[in-house]
Amino acid sequence: MDLELLLVILVDGLVYSSYLFLVAVGLTVIFGVQKVLNVTHGAFYSFGAYLTAFLLGLWINDAEGSAWKLLALSLAIILIGSVFLGVVLGVLIERGLLKFLYNRDEHIVVLATFAGFLVLEDVILLIWGTDPYLAFRPLELMGSSDITGLIFDNYTFTMIGLSFLVALVLWYGLNRTQFGKVLLAVIFDREVSMAMGINVTKIFLITFIIGTFLGALGGAYHAPIISVQPGIGVEVIVLAFAVVVIGGMGSIPGALIGAIVVGLSRAAAVHLYPELELFVIYAIMALVLIFRPEGLFAPIHARKI
Amino acid sequence: MTRLLDRTFWGLTLGLFALLLLNFLLEEWMRSIGLQSLSRGCVAIGLLVLWRTGLVSFGHALFFGFGAYTVAMLQIIGINDIILLLIGGMATAGGLALVLGFLLRQYRAIFFALLNMAFSMILYGVLAKVESLGSTDGIGISQVTFFGFTASSEAYRPTLFVFAAIFAYIAAVGSHWYLKSTLGLMTMAVRENEIRVEYLGYSAEKAIHIKYVLSGVLAGVGGVIMALTVGHVDPDSMVYWTVSGDFVFITILAGTGNVGATFIGALVYELLRTYAFEFAPEIWQLILGGALLLIIMFLPDGLWSLRSEWRSRRALAAARSGKTEKGEAGQ
Amino acid sequence: MTHVLEVRDLQKSFGGVIAAHNINVTVDTGETIGIIGANGAGKTTFVNMVTGYLPPSGGTIEFLGGSVVGMHPREVTRLGLCRSFQVPQVFLSDSVFDNMIMAYGIAERTGLGLFTPIHTDERAARVDAQLKRYQIEDYRDAAASALPQGIRKLLDIAMATVRNPKLIMLDEPTSGISVEEKFGLMDIIMQALREEDTTVMFIEHDMEIVERFVDRVWAFYQGEIICDAPTAEAMMDEKVREFVIGQEYHPAHLEGSANA
């Protein structure tokens, strides 16, 4: 195997990993705190992508101005749009749906979020129709780089940067802030936290908003690279599941590792054995579940009589 | 033996005869809905069987797709009789479940659900790339013979319906009897307390394994019926994770109280889907998802719970009108 | 004559913690053994090893002359070595009757017989006889989750004995039971077990119960058996008094045990 191919695999893989991480991290945050495997997350991603592609198309695609100004505006659209979606969809789903299901069987909760996903996917179609949206302007504005004769879009590199930034902020928030400590307490033992006077209801809502925001951000930041069309959420959610399972459900470093493992192996498959592209991801997922069901990043617990 | 011939058995038998009679009256589009309901109903019974142990599979499209693709593969090598195709589909799906069961029987809760999903997505990834099976476009299924007889073109679909109804009937009665058997009840005990089952001298994992194979075979039967009904198999409509999601949907919709209810759930699902798609193609998923949410919120035990509700209301009314209910505490 | 149970050099460690060290004991037919010791002394670990729930780190366990090391609980159970649990392990959402018939069903059916219905008239009769033996027939149709603790304990033991075991190990049969009820409960259990000629071992914290029902005592302390002697002798043993029952306990007096 030549070095050039290796480089392509590496860069492609890391870009794909960062995309996966952005989507999966929200899923894992919500699972970690609320123990809900949230299928609706796929729709949060779609919403982020659609809103961004729509607004970029409205304000940026044909706009005049310096590259920096337009890029700054695009970034603002991505961020503000994601925050907006995080709050609106987060509150809607958590208060309007999950609130009623916390003491139900976990499978029922998954299925309810599946139903929520179906509903939201159609809401997207109702708002934006079935035609694809293209918003490549930020991608073009950032230009591309030549690495040993291979051309890469600079935008995709910023995605890697964003992933690390998100990981860092989450790590800091969880380990170095008061809110993080409270959150850890809730993760460790919901009942005891409640008894200690922690407002678990509020914590759940805030966590869910953060998770929703992250899902929407993944879609939003990804929008300039892809053709935004029906069905993108369906694909993403199952990939995000794979990432989260591989890393360990509820673990943020796990999501990072899971994303890198899936991203690199998919890139390797695409470039070396294209027919294995999908196979390889789920094969890894299955292997992890078989040998370390709690994921690469979680300890295994034994049952006691 | 009389214990086997209970109300559910007679209900199912009556249902079979009703279907066979209806077959003469149905328009073709209704018959298609019926066939698809029978197919998905079989898979959903497989999920019900697992559900009784507290296990949910988010990947039963694996066995469904295996059954369906077995039909395609057997036709490629020239096997074209419905019975052989059915046996083939059951054998491959059951065989796969037997092998995977050695692994899956060790898993519970969400891990069981997700491992099933991973395996179904592996199959999806494979089928989407296998060119001889049409990759993502899938492959057509040609008309089959019935015990060696070829049906005329008008009689083909009605004959198919008769066979599908009989297969589904056997699947339902068999599953019902299994659930009433020592082993079937034991697996409910496994849900309650695995340790106690072990210390009574039986392997909880073995009980789950048997159940898993049974559910795989049932999904295989569903896959065979679906392949013959649609006349085409492809990865997206046979193996993708959303297909598995639909099966769980039907299980929840019907409730896990009774195998007969599963077919009613499958029919309701099929009608919802067809009509929503017909009259509101933009929002059919919204309607489906909304219906599912309503069921989860207001009928946690599925449609079947309507029946018990009606019963208890009737009992209440009877008690009010002064009749004395006796033997209520029995059984 | 072979012993019912013969344990040699049994060892168990969890990481660095030693839960069993050089345990050597034998049990003969018809004996009633009481296992005493503070919490964490290794009593339940011992029961878990003998019944196949935990693999020992070393040593041999022979039941009726054959080794049971490496067997699963279900295999040990089928040989006739059964156990009950400190926290009763019953099917909580089922009725007492359904619990029992399930126990009989699992115990009596094998192979293809498992596919036949669980309810038969003969089996229902055996269930009722067993309920009567354990004096819980009044609760026949009550849900197991709604039972008082004592009744649930009895149900647990009644389920554990459907195979008429040769040896039964009872893990704290009287824990969680009020002092007034304890003796009555033990009377029922011991009478039922003697009817079936079952050899009994039970873990117990209440020394009055031990003195009343037990022939021989094993005192566990930090994973070792520090005393294996007839009850009266064990109660006066210096080490037992120091490490297990406490100096202030006076055998056959009405004061409470130091260990309660």
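Should a chain be cited, it is by its letter among A, B and C, assigned in written order, with residues numbered from 1 in that chain.
As a convention for this text, a residue touches a chain if its C-beta (ideal position, glycine included) is under 8 Å from a C-beta of that chain, and two chains touch if they have at least 3 such contacts.
As the structure is a prediction and not an experimental result, all values here were calculated from the model.
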{"item": "Most central chain, Cα average position", "value": "B"}
{"item": "Chains most often in contact, by C-beta pairs", "value": "A-B"}
{"item": "Inter-centroid spacing, subunit C versus subunit A (mean Cα positions, whole Å)", "value": "52"}
{"item": "Distance from subunit B to subunit A - Cα centre to Cα centre, in angstrom", "value": "33"}
{"item": "Interchain centroid distance [CA atoms averaged], subunit B/subunit C, Å", "value": "44"}
{"item": "Numbers and ranges of subunit A residues touching at least 2 other chains", "value": "305"}
{"item": "Numbers and ranges of subunit C residues touching at least 2 other chains", "value": "85, 89"}
{"item": "Shared-contact residues (touching 2 or more other chains) in subunit B", "value": "195"}
{"item": "Residue ranges of subunit A in contact with subunit B within the complex", "value": "37, 97, 100-101, 104, 106-108, 110-112, 114-119, 121-123, 125-126, 234, 238, 241-242, 245, 249, 275-283, 285-286, 289-290, 293, 305"}
{"item": "Interfacial residue positions of subunit C with respect to subunit B in the complex", "value": "51, 72-74, 77-78, 82-83, 85, 89-94, 102-103, 105-107, 109, 113-119, 141, 159-160, 162-163"}
{"item": "Touching residues (chain side subunit B, partner subunit C) in the complex", "value": "3-4, 177-178, 180-183, 185-186, 189, 192-193, 195-203, 329"}
{"item": "Subunit A partner contacts - residues on subunit B that touch it in the complex", "value": "56, 58, 103, 107, 109-111, 113-115, 117-119, 121-122, 124-126, 128-129, 195, 241-242, 245, 248-249, 252, 282-286, 288-290, 292-293, 296-297, 300"}
